[in-house]
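Each of the two complexes below includes chain A, the first together with chain B, the second together with chain C.
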Partner chain A sequence: MKKDIVSQSSLSRRSLLRGAAGAGLLLSAPGLIGRAHAQSGDAIRLGAPFHRTGIGASYGRWYERTANAALQLINEQGGINGMPVEMIVEDDGTDPKRGVEVMEKFATEHKVDAVFGHLYSHVVAATAPRAGELKMPYFLCSEAHTLASGAFSRYCFQPSITDVKSQVVSMAPWISNNLGKKITLIYPDFNFGYDHRDNMTAAIEAQGGEVVASIAIPPTETSFTRYMPKIPFNTEAIYHVMVGPAVLTFVKELGEHLGKNRPEIFGFIDSLEGVDMNIPQLEYLEGTYFWEAMPRYAQANQTEFDKFFREKVGVDSNGASLDDPKDIATYAHMFSVWETLFAMKAAMEKADYKGPDQKIDFLEAMESITGFEESNEFPQGDKLFNGKTHQSFGHQNISKVTDGKLDVVYRTTIEETLYPDETDYTQMSF
Partner chain B sequence: MSLHSTEISSVKAAKAAEAEKGKDRFMIIHNGRLFALSLATLSVLFVLQFALSDYLVLALTRILIMSIFAMGYNMLMGYTGLLSLGHAMFFGFGLYAAGLSSYYFGTSLPVSFVIAIATSLVFSFIIGLLALRTEGVSFMIVTLMFAQAAYLATLYFSKITGGDQGLTLPTDARSFSLLGANFDMTSDVVRFNLAFGIFAVVLIFFFFVTQGPLGRLFTAVRENEPRTQMLGFDTYRVRLAAFTLSGTVCGLAGALYALMFGYIGSAFAGFHYSIEALLFTLVGGPGTLLGPLLGTGIMTMLIDRLSGITTAYLIIIGIILIVVNMWFPKGILGTIRERWVPWLK
Partner chain C sequence: MDIAPYLLLATLEGLVQASVLMLTALGLSLVFGVMRVVNVAHGEFFMVGALIAWACGVYIPGPPAVGFVIGLVVAPLFVGGLAWFADWAVLKRINYNPEGTIVSTIGMLYIIQQFALLTFGPDARAVDAPFYYTIRTPWFGYSSYKLFIIVIALALVAGLWFMLRRSKVGLLMRATQFDKETAQNFGIPVDKVYSAVFAIGAMLAAIGGVLVVPNQQAHYLMGTDPLLLSFVVVIVGGLGSIPGTIAAAVLIGLSDGLLSVFFSPTLAKIVSTLLVAIVLVFKPQGLFSGKGARA
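Presenting the complex of A and B:
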């Protein structure tokens, strides 16, 4: 009996080794195939490093769906400068190290014309310098202020979604005038949270208000009970940015602590992207307010462009997948992938781009663009694009939770989102 | 530092006799076949830069750096039998010491590199002093807790470290001059050859450590600590030496990564990287000199290739790890050593 087991075992081991060798050959094939395909002039090839796994996976899934829908439309319309557009997707694992590796893979193995689609700011921060070294046009679909602050290179652009600083600056007056002037900030104890803390504190003070408490919560926290007593009694409005899986616990414990006589509450939808608003755990948020770059729920005054965008991506009027009502989209952010692709198309057409030899022409054409009209290509709204800072500025929405849905109560102007330039990339060399 | 707790007269006599042979003995290379294999491996690695595609050379650069990290980890886990769950902390020490000195004080890259190695040595010695008071599961938990505290510290002091968003090293920190030669860290050729050079030094250094008396002491502690104590050795000091050596080399790898790729961020000090070092070592073969290189190469390329084919690549890698652990519990080279090539250690 024992002999049989050993015998079976060794035979299987051989099979395993053979299988491993075969798998090795198979695995090496994509690299060879990728190189065989990479010939300029026959197609525009775009690298898409999406967060397919890791903490940003729900965003990544919808970014990919949105990009596929946009590319299908672009190719149906004849591609870019008569060439079809191909997208090569790689998973960056929402990891900065892997983000850099994937950027290198796009540049040296797939030999793409440009890279787009990164969202999480730490992945962007690690990848952007490498994109500059590789001289690879790199289009962000993030909200990080790092680009507009001048920390990156002339190869990096953010032509669709507005950065955090701009979002906060534009909404502070409304918060101050409508919710209260004494603000308690609750934010994650890392950089993304500090961006909100610093920008919101400055913005609210500029409105004559004040931050009465600033509560930083470590990212590893799973219970928030001990932070609740830190909310001062004179708080008129709570401003919360709680990105992470513990957000449902946070809302529940906030409700238990504050009860019915709560101050006004304003939050960022980032925490609840991909989460159904109409669930018992989020009942306490009824009547509170959220920032949304693009409204998840189709509004009464829905534009034809929003309708078109939903139809093409496959999202219903509640912001859920047409195939599965429980699959909620990351609707407030994912438009940035769609619009970024059309912004790249516009710049490539302006430069009559045919291949990597015209890379500089393409980038300069992008810098010369001043904005985009609201359209099927830019369904979130019109944009003002600053060629010096490589950053776009668009309308922001403040929505109120009403009957488990988000109703837009205020839409900022683009002028409200502006702040003085902090850099001029056009002065840098390529 | 003597690793003996007592200097017994007979041992002293033996030492004196050995000292007479001193110079001759120094020239002896124990396990010459492994030394030859190491040199052959280095030769192949060097030549690969002319044979591989641009991307694979970049990938190999990264594999070499992460292999140094895994080799450092292997010194503790593989040779000394101490399973740490917090070695990302040492990688992070090196990364931040090199990166921050370069970012804030504008030190040249070689100076930043030396600062990082010295910092890692001091920190790993201090943490070793404390952590090695525990054993087994407690040691794993203590190292994990130290690492978690270090990781959270990088977030807490984000005004200095840049937190999770990290810091990008300035353009000035992307090149340096040494002995009249200019090294541009944005050049893929320079980067590969620097990584290769440092990897080669670490590999040869580890060859002499592991195949020499100190390495045999590490192995003795792993195999039978009470017996090693009975033979007159202070095993706490032996373990501390292994811990310090391991932490310093992991810090060296972190410094190399920071200076070569120009970015430092708290993610590199996270738990994920401690597990990576463990997995690379387990796959390649704990307690083998070349195991970490093999494990790092296989795992890195598996992730790279599979992630382009399927989103379920982590499941496949998980299954492969289960299979390796069930069928090759000593890793690939460990299994080969056990069955066919006993000198492969």
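Presenting the complex of A and C:
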């Protein structure tokens, strides 16, 4: 018996070594391939730093699928300016440090034409300055207000998804008119949460409402009962956003604490992206409201463009993968990858872009664009693009949870989402 | 909310936390008391217990209560076996050398954690509570399952107390703790006692993990917090002292509950860490460890 165990362990040690050597080879391989490919002029190469692992993994998976579908379509239609478009994906682990490293790799090793697809705001905040230093066109699919506030450089754009400020500004009137004027905010205790807190507090006060409590929750929190007593009794509506991976616990404990006589509840879909709405743990959300950039469930008045987009990325009318109904898409956000690619295509065609020598032409063409029509290329809806702040503005949706599905009850106009410019990137040098 | 119901909620939260803490800290304290081993991997045993509870909840058909009860049996057995193996494969080989055991249990921490990441994945997963019944007060609702945690923890601690004080196994453990060499001379199989103690310590942590998972979701990094708090409790209560550990768990759990409800969870952590520093400076043997208090 004892002998057996000893010989087994020595065998596994040897195979472990073998495995380690193999892993080393595998790890070095992508670099080699990348270097071999990097030649300009024959194709347009786009760097895609996706969150394949880490806390953003479910977003990353769907961002990658969406990008693949969009590129396939672009290449079927003849590419950009007659050149095929290639995508090089690197995993950034949803980690700011790794995000910067990947950006450097795209610039120096893969020598890509542009980088697109970053989502998580802390990764973006770390990567954007490096992109500016490397003079690498950097297209965000994030939501942070940082870009439009003027903190980044002339190389950064967000041509598809709107920023938090614009979302909040357009939601506040509806919330105060329909749900209540005394609001309790529950938000994550970091930058993204403060964007919500500051903008929402200002917006609700402008409506004659009042924030009766602001509850910041550390992003690693696992139990929420202790925060619940801070919700005042006179709260008319609870506003909650992105409470981290423990969102199911949050909802359950909110239900236990408040019971049936709850105030109105309004949340941002971000924390429930990739999560099935129709599960027992989320029953308490029935009858509550959510912000969605693009409705997860196909609506009665579904546009032909939404239908086309779902078909191309492989998502059914419930927002789940066609291959696996349990694999729920991050549908309210992932359209931004699709639309961003078509926005880049539009700018490159406008500049008759052939290679990195025309980088400035490409960026100036992007700045000169004023918006996009609702189409197969822009299935979320028409957009207004502000060349000065590099930020786009679009329609927002408010959906109600009804029978475990999300039904859109209000769609804002683009005018409702606007706010005065806070910067002018066109005044900066390249 | 008025002050009285607020206080009630804070006390309940504190007691629930104290119960889980009592189980995990007792495991840590027992292992240190008898073996003089500082088990840094203790939190990972807690985490493995929680993951097994999740697996039982998902893969065993029938109502959630069935999966929960099976988890409550299987998790400590599996984790106990794992600890027994770790003791045999590592700790015994380095003769329970104090520095060596710290480093090797750090190694175990990473091995177990990364193995959990590879098999279980990085997502937090929810587990259904064995029963849903919300106790409604005029001010707030409270999950009856949380009160059930307190009951189970008290029963287990009473059982452990009885075992240590009244059974032969307990006698052997106490003899080993008191003086290892004399115990060996009297024919006590110290090696086996060590293995058993290490396994029992890990089992207590695993039960803590099973109990907590319907409240918190299972996650591969969930072992860190209980480990830190257990160390706090064990230091405040006096290393190796069972009654001291129990008293300190209630003290820390309640103060944590009250402070985090009334002020903020961060302040609660600051206060308990400060308490450790004060205890270490003024009463390094622990607040509750008199001469007669050793279990």
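Keep this in mind: the second predicted complex is superposed on the first by the 397 of 430 C-alpha atoms of A that agree within 3 Å, B and C clash if a C-alpha of one lies under 4 Å from a C-alpha of the other, contacts with A are read in each partner's own complex, and residues count from 1 in each chain.
Heads up, the rule we're going with is that a residue touches a chain if its C-beta (ideal position, glycine included) is under 8 Å from a C-beta of that chain, and two chains touch if they have at least 3 such contacts.
What you are looking at is a predicted structure, and each value in this text was computed from that prediction instead of being measured.
Trainee: Once the two structures are overlaid on chain A, check if chain B and chain C clash or fit side by side.
Mentor: fit
Trainee: So, A:P280: does it touch chain B (first), chain C (second), both, or neither?
Mentor: Touch partner of A:P280: chain C, not chain B.
Trainee: Based on the superposed arrangement, let me know which partner A:K388 touches: chain B (first), chain C (second), both, or neither?
Mentor: Neither partner.
Trainee: For A:H257 in the superposed arrangement: first (chain B), second (chain C), both or neither?
Mentor: second
Trainee: Thinking of the overlay built on chain A, is A:K135 touched by chain B (first), by chain C (second), by both, or by neither?
Mentor: Once the two structures are laid over each other on A, A:K135 reaches no partner at all.
Trainee: Is A:L248 contacted by the first partner chain B, the second partner chain C, both or neither?
Mentor: In the superposition, A:L248 touches chain C alone.
Trainee: Quick one: chain B or chain C, who's touching more of chain A?
Mentor: Of chain B and chain C, the partner in contact with more residues of chain A is B.
Trainee: Give one of first, second, both or neither to describe whether A:P218 is in contact with chain B, with chain C, with both, or with none.
Mentor: both
Trainee: With the two complexes superposed on chain A, say which partner A:R226 touches: chain B (first), chain C (second), both, or neither.
Mentor: second
Trainee: Touch check for A:K400: first (chain B), second (chain C), both, or neither?
Mentor: A:K400 sits against neither chain B nor chain C.
Trainee: Using the superposition on chain A described above, determine whether A:T53 touches chain B (first), chain C (second), both, or neither.
Mentor: Both chain B and chain C are touched by A:T53.
Trainee: What is the minimum C-alpha distance, in Å, between chain B and chain C after the two complexes are superposed on chain A?
Mentor: Minimum C-alpha separation, chain B to chain C, in the superposed model is 5 Å.
Trainee: So which positions on chain A get touched by both chain B and chain C?
Mentor: 53, 218
Trainee: Name, in rising order, each residue of chain A that touches chain B in their complex.
Mentor: 9, 13, 16, 27-28, 30-31, 35, 52-53, 90-91, 93, 95-98, 100-101, 104-105, 108-109, 121-122, 125-126, 128-130, 133, 144, 146, 151-152, 189-192, 194, 218-220
Trainee: Which part of chain B faces chain A closely enough to touch in the complex?
Mentor: 53-56, 58-59, 62, 148, 152, 155-156, 158, 162-166, 168-169, 186, 261-263, 265-268, 272, 301-309, 311, 313-314, 323, 327
Trainee: Considering the complex alone, what residue numbers of chain A touch chain C?
Mentor: Touching chain C: residues 53-55, 57-58, 218, 221-223, 225-226, 228-229, 232-233, 245-246, 248-249, 252-253, 255-259, 280-281 of chain A.
Trainee: Using the touch rule from the top, collect the residues of chain C that touch chain A in their complex.
Mentor: 1, 6, 9-10, 13, 122-124, 126, 128, 134, 136, 140-143, 215-217, 219, 222, 257, 260-261, 265-266
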